[in-house]
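Next, two complexes with subunit A in common: one pairs it with subunit B, the other with subunit C.
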Partner chain A sequence: MSPEVRKVMVVPCSGIGKTYGTVSREAAYEVTEDLRPRSTQLVALSLLVLGDEEARAAVRAHPAVTIDGCKLTCAAKMVQESGGQVAQGIAVLDVYRRNRELKPQGIAELNEGGHLLAHAVAEEITVIVDDLVAREEAPDHA
Partner chain B sequence: MPSYLETTVDKFIFRVATDRLYSAEGVWALAEGDRIRVGVTDFLQQRSGDVAFAEVKPEGTAVAAGDEVAAIETIKANVEVPSPVGGAIADVNPAMELSPEVINQDPYGQGWLAVIEASDWTTDRDALLDPQAYLELMKGQAEEEAKKL
Partner chain C sequence: MPELPQRKVGIVACSGEELAEGTVTRLAALRVLEHLRPGETVTICLPLFLAGGEGDRAFARFYPTIALDGCDKRCAARATELYSGKPAAGVVVTDLVREHGLGQPEGARRLNASGQQAVEVTANRVAGLVDEILGGQWSRHSGSFVEAAPAATPEAAPQAGCACASAIPVQTVDVDGQAVPVAALPLIFEQFRGAGKAPGAEVTKELLATVKIYNDVPAGTDGAYLAALAREFAAYCARKQARP
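Entry: the complex of A and B
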């Protein structure tokens, strides 16, 4: 991990076996691998749960955007438990409410609606990431 | 503020408000004179998962007991909510349009679905369960669900 280059941590929920969890993870991959690979870093929730020091240090040192598939908000809670601050939390369900035509189905393999919903989530995150990066790079940033 | 009966199944706690009646499908009916406020139980909302959308039949719609009064889409399933009472829908909870998550947050209060002007409450009432009877039924349903986990 290179925290000096990657400025925003993206933390998706696990949600194994759940459609919205799959959407959460797919959105995180899209942001960190395709849309904003230089300014983001994926942090696996499981590492935070395990107390992995590198992952904990990453969320403590950088703003984190969490993506949660259900109201348990495991990703947001684990970032806070790890001593980090959630710069912005995204709930997949909220994005779906704004995009009802993108009904996600499937778990191991999402349907088209699920892929498109993941993309919509990813697009929302890029806006947040860009804003956070701009703030980090502002000359008067403390 | 109603009081509640409570039961625990597996790691889940389910509440049943004591001031109203219930259908076996997990729909409550609270009499306010001839107007009956209806909503879903704590068990039904927990079993169904986080609510994404809730569409209640519009005001003025005539429903018979057992007819669909609302359709709820959750992260797990589409749930048809059968009316526990026959009559005409007199009022729809406006929160269902913008914040249907109140069904999860407060199923016996702010998460009500509709008020129905009952056509024959005396008859419909006899087909419903009192809180203790519903608690027992629901506990059995919850235990069946838990076996699937």
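Entry: the complex of A and C
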């Protein structure tokens, strides 16, 4: 992990029991691999759970966007527990409520609706990431 | 009347998003939960040990648990032991890949062929461990099998089980001066009272037998547990009688 060259940490929830957890994971990959690979870094939640120093340092040093698949908001809570700041928390269910036609199904393998919902989540995160990066690069940024 | 879950095995996968092996753990866990041993397994999201409540943290005390890790950091095994209870068994994907001479899994987002093979091998190993655990009596306290016992009967309608929204109720009781959290005790009391069982020596013995299904009762402490259960069940029934 090289947090010094990444601007925004993306932390998906790791949810394994429901389709929204898979959407969260897929959206995180889309942002960090396809849409904004140079300005984002994926952080594995299991490392934060175990208190891995490198992962904790990453979320402490950079703004984090969390993606949660259910109301228990594990990703947001773990970033806060790790001493990091959640710049923006995304709830997959909220994005789904705004895009009712994208009904996700499947956990091991998402259906088309799930992939499209993940894309919608990723697009929302991209806007947030661009805003955070612009703020970090602004001349008056401390 | 409440239904106590039948004895099942809990599977905790690291799901590490950064590594292909993390994706292998996730997919292997799901294969066991959905296809290989659907009626005999249940899972929980690893972060709930910290982000959830006491009922979530009781998971590995309630279910004998298999920790499924992608790498030798062993986040799932270590976090489960740290926050919930000692896993009954652990599987590390990188070890299995080496043992079976598989190719390197690649593609955390989309696994390559070696990654898919690793999913198969890992899922089969976990299914075998599930059978071993259900075929023996696992002591959560000592972290080993204590004696042979009949295998649990699978449920009639298998389905993948997620414990996220069904935290296990825990009641802390005084056992010989020690505050001991007892998983599922509220459900057990409710079930016994619903069955018309009143406090008494024989019923207390039955209570202890049921408590032992879901909790590790250390050897030599039956007497202390019987006293605690007798007292707590009498108090529970009295409360219910006062406020039905």
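Definition applied: the second predicted complex is superposed on the first by the 142 of 142 C-alpha atoms of A that agree within 3 Å, B and C clash if a C-alpha of one lies under 4 Å from a C-alpha of the other, contacts with A are read in each partner's own complex, and residues count from 1 in each chain.
Assume a residue touches a chain if its C-beta (ideal position, glycine included) is under 8 Å from a C-beta of that chain, and two chains touch if they have at least 3 such contacts.
Small disclaimer: the values here were computed from a predicted structure and weren't measured.
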May I ask you to decide whether A:A44 touches subunit B, subunit C, both, or neither, giving the answer as first, second, both or neither?
second
Between subunit B and subunit C, whom does A:D131 touch in the aligned arrangement: first, second, both, or neither?
neither
With both complexes superposed on chain A, which partner does A:Y96 reach: first (subunit B), second (subunit C), both or neither?
first
In the overlaid three-chain picture, which partner chain does A:C70 touch, first (subunit B) or second (subunit C), both, or neither?
both
Please work out whether A:E123 is in contact with subunit B alone, subunit C alone, both, or neither, and reply first, second, both or neither.
neither
Which holds for A:T19: it touches subunit B only (first), subunit C only (second), both, or neither?
first
If touched residues of subunit A are counted for subunit B and for subunit C, the larger one:
C
Following superposition on chain A, which residues of subunit A contact subunit B and also contact subunit C?
18, 70
Subunit C to subunit A touching residues, read off their complex
13-19, 22, 26-27, 29-31, 34, 43-52, 73, 75-76, 78-79, 82, 108-109, 160, 162-165
Interfacial residue positions of subunit B with respect to subunit A in the complex:
49-50, 52-53, 75, 101, 104
Along subunit A, where are the residues that touch subunit C in the complex?
1, 12-18, 21, 25-26, 28-29, 33, 42-50, 52, 70, 72-75, 77-78, 81, 107-108
Residue numbers of subunit A touching subunit B in their complex, please.
18-20, 69-71, 93, 96-97, 100
